[in-house]
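Listed next: structures, encoded as structure tokens.
Below are two complexes that have subunit A in common, paired first with subunit B and then with subunit C.
The block that comes next holds the complex of A and B.
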């Protein structure tokens, strides 16, 4: 009995050979428990060693294996072949990013944006270690925990047409992470972050398409973070205007 | 001293730079609904200008108002107002949906669920509409 297979149509681009990306089809064995990443690994190991793509943990934690699967941004380690059967599967690099090779996109623009929002705890003055930890109540943890789940997989950037049109937009993940640290009771650096995220390429670029939250594999809801930051920015401005003494 | 993150940058000239197609908003239903929501603003803006125009003619006396009101009884204007009404309802509902994302009120330790935030907004909207209708009937 012949082995059951499934067709993967994979985008290829090799700058030394190709002027533009093209589609290459591969027949891979169909397994009930295989994900798209398993199929790509089979291609790499058994059929075509020249195929390039990123992956690491295989369990939805590292955020490396984000690709377009049948036109939707997905972590390929959690996109099961069985969900696409009996049709063919189209695998493309994440949309809205320059392509380095095959399915590998250039993340350096995102890394710049991430750095610009300073996603780490900022203290005006660190207390000495001898004074102990910065304690937090469960409610204080709960305030930001959802936004701390981001794995920087960039699916949200790929789903965001605003980022596709305005690539200077800081974007969903970086803003959600900025908001995460603004909400952290141990942090004192929100004014520094807000200078960046309320600037021209920040939250006001967002017109709330909402797809960033739909595709997020960790349910971070970056769209909510951006809309809440808009409200907080405006209410802060009004408060500062009406009560100048309340400004920090 | 701030530390700078070192990022290895690939050669820009060797990368393929994709472009958003002009008709990108036809590719997904959610993108199309988003563009439709943006378009509703145009109709609502035109409706408000027409409304202000009518209010201005009320201040010029009954004859001036009824003269201009007669012009808005044409099929084209009725169709425009029908479309503007549908778009205003769609815009309002999408706004309430946004409110449920932004507003996450807590009552004691209980977080009010988003559907309830939307429902309360719709209830307030219907109450305000009923109040306006009552004013029309009473006056």
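The block that comes next holds the complex of A and C.
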């Protein structure tokens, strides 16, 4: 019996060799429990060692292996071949990013944005470790927990039409992370973060398309974070204007 | 060839939990120190991200440092260095609270205190956790906190190929920048290796693709000994096929291990009685080495299930209920739904032992210092040793915090007292490394061996010879196979001659490192003629304290297998006794 196969059409691009990106087709064995990443690894190990892509944990938590699969941003370690069979599968680098090579995108811009929102606990005065933990009830934890689940896989940036047009937009993941720290009962730095995320490249760029939340593999819901921040910063501005002493 | 040269005070190789903790500790130790943080991936991709269950430390009045120490030493089958364990347990609570101050979302009790859960081999609830994504949250909290220090300069996606040493001390590293394909020199007064383990030497592992033992091999090639490499931990509950980890916390929360007759088989191996709710150190909360062996014995007896990926048993969480699973073990539910298509609320989870952790590593003292002046190591790549012959679950996340911070501070202190290294010998040293890389990888011509093929042969040899049960004949065969793979590696074929993000080169560089690590594991195992912790020999089934209450130390011997030496374990207050649960 001949083995069932499935076709992967993969974007290739090596600046040094290729004038433009092109599609290369590979036939890989079809396995019920294989994900697209398994198929790429099969290509790399058995068919063509020159194909480059990022991957590591293959369990959906390191955030390395985001790519476009049949036009949708996906973690390839969680995209099963069986969901695309019997059709062919198109694998491309994540949209909206410059391509370094093949399926590897340039994410250095995102790293700068991450730093710009100051994603760390900010306090007027740090409590010494010897004085123990900050108490935080399960409800206080719940307030921000969802927004702390981001694995920086960048699928949301790839799905965001605003980021596609305006690459300076701080974008869904970084804004959601800023919101996560704003909501943390231990933090006192929301005014510093809000200065950044309400600036020209911040929340007001977003037109609430909501695609970021649709594609998020960890249900972080960055769209909700952005909308809530819009409301909070507007009411904060009004309150700050009427009651300047109330500014956190 | 002229190389681009960068200068810092400290270099940290690896940006996972240990590397980030070391970087922050160094940045806080003294102002004006410049710290290079070099990683072959972006920091948040590091494998710490996959740790699930928790981090151990004495957090409550019903617990004590001595109890934590005793559990750890007992779990290590008395091979842990007791001075190191005493430091671990003393500094653990402070580090866990420090992480809390840095925003780690630890799970909480109703009164707002950090929660603790039971874990294998521990006599008291002392494992702090963030649901079952503890490593993910720790790594991101550390990484995000590290962003506020201007002193930390990141070299993301740079692959360190060698340590530059001169005059008996480390001077820096050579770095393959993946974006340019060019070799760079990074110089510093001290270097800390924090590259994690090397589970990818084996075919079935919870370890991510990047866990190829790079840092261990870097130190080994620079003449530093690798300690206790024969001790490789199998985690009893990985998913068959993928090897994806199902956390021990699922047993800490009350999960049962069941054979194909529906029987909680661990009671047949002296781990009973089988109580309905978890009892510390009994049944499913036994230590990992013993539970993995029980699985293999069940297989021998014909009590396991057979599936497409071989034998497996069931981890049953159904009686815990949906609410507990969703609040304490959400990632387990996510993983099993995604990867085996079952829901643990209604189905038992298929599990088998998989390679998880290396107790051994770069030989360091309790400050992370190695025998090479200026070189430090911390985390899984290092061996202090607190884990001895078997690590207790939730001690490794604590270890990377405590000893990452210690290594960071001592490397910083060392750097403060050193003059800047001279550039001239560095250029010469880097020239030699460039030639080695060109000849073997970057401009490699001809060759017939496929890297993926050699890797697969190595992995099979490791499983065959140095798996859960070991014997002299199989280990010798594995040592011979590894030697011949090393020879064949010289004849690898690299087809891609481009420079930008050429991962055909990096996987070859990684296998080159993993082969070194694999050889130290197999040869150290062959030399230890006893059974202790994870090292179980059917030809020497007893522990032999008279001859082997000792660490092994593997040194590189050019052209042949590593040279193995032994030296005594440090005992402070806990005399060795029979290890019985």
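We adopt the following convention: the second predicted complex is superposed on the first by the 245 of 248 C-alpha atoms of A that agree within 3 Å, B and C clash if a C-alpha of one lies under 4 Å from a C-alpha of the other, contacts with A are read in each partner's own complex, and residues count from 1 in each chain.
By our rule, a contact is a pair of C-beta atoms (placed from the backbone, for glycine too) under 8 Å apart; a residue touches a chain by one contact, two chains touch by 3 or more.
All values derive from a computational prediction rather than experimental measurement.
After overlaying the two complexes on the shared chain, residue contacts for A:111 are found with subunit B and with subunit C alike. A simple residue count on subunit A separates subunit B from subunit C, and the partner touching more is C. In the superposed model, A:12 makes contact with neither subunit B nor subunit C.
Looking at the shared chain after the overlay, A:224 reaches subunit B, while subunit C stays out of its contact range.
In the superposition on chain A, A:100 contacts both subunit B and subunit C. In the superposition on chain A, no contact is made by A:192 with either subunit B or subunit C.
By the document's definition of touching, of the two partners only subunit C reaches A:55; subunit B does not.
Residues 15, 100, 108, 111, 115 of subunit A are contacted both by subunit B in one complex and by subunit C in the other.
Within the complex, the subunit C residues that touch subunit A are 41-42, 44-47, 49-50, 94, 97-98, 100-103, 105-114, 133, 136-137, 140, 144-145, 147-148, 156, 179, 208-210, 241-242, 244-245, 331, 334-335, 338-339, 450-452, 494-496, 498-504, 507. Considering their complex, residues 13, 15, 20-21, 71, 95-100, 106, 108, 111-112, 115, 161, 164-165, 207-211, 214, 221, 223-224, 227-228, 231 of subunit A touch subunit B.
Residue ranges of subunit B in contact with subunit A, taken from their complex: 4-5, 7-10, 12, 14-18, 20, 24-25, 27-28, 30-31, 34, 38, 98, 101-102. The part of subunit A that touches subunit C in the complex is made up of residues 14-17, 33, 44-46, 49-50, 52-64, 78, 100-102, 104, 107-108, 111, 114-115, 118-121, 126-127, 129-130, 132-138, 140-141, 144-145, 148-149, 151-152, 177, 181, 184, 186-187.
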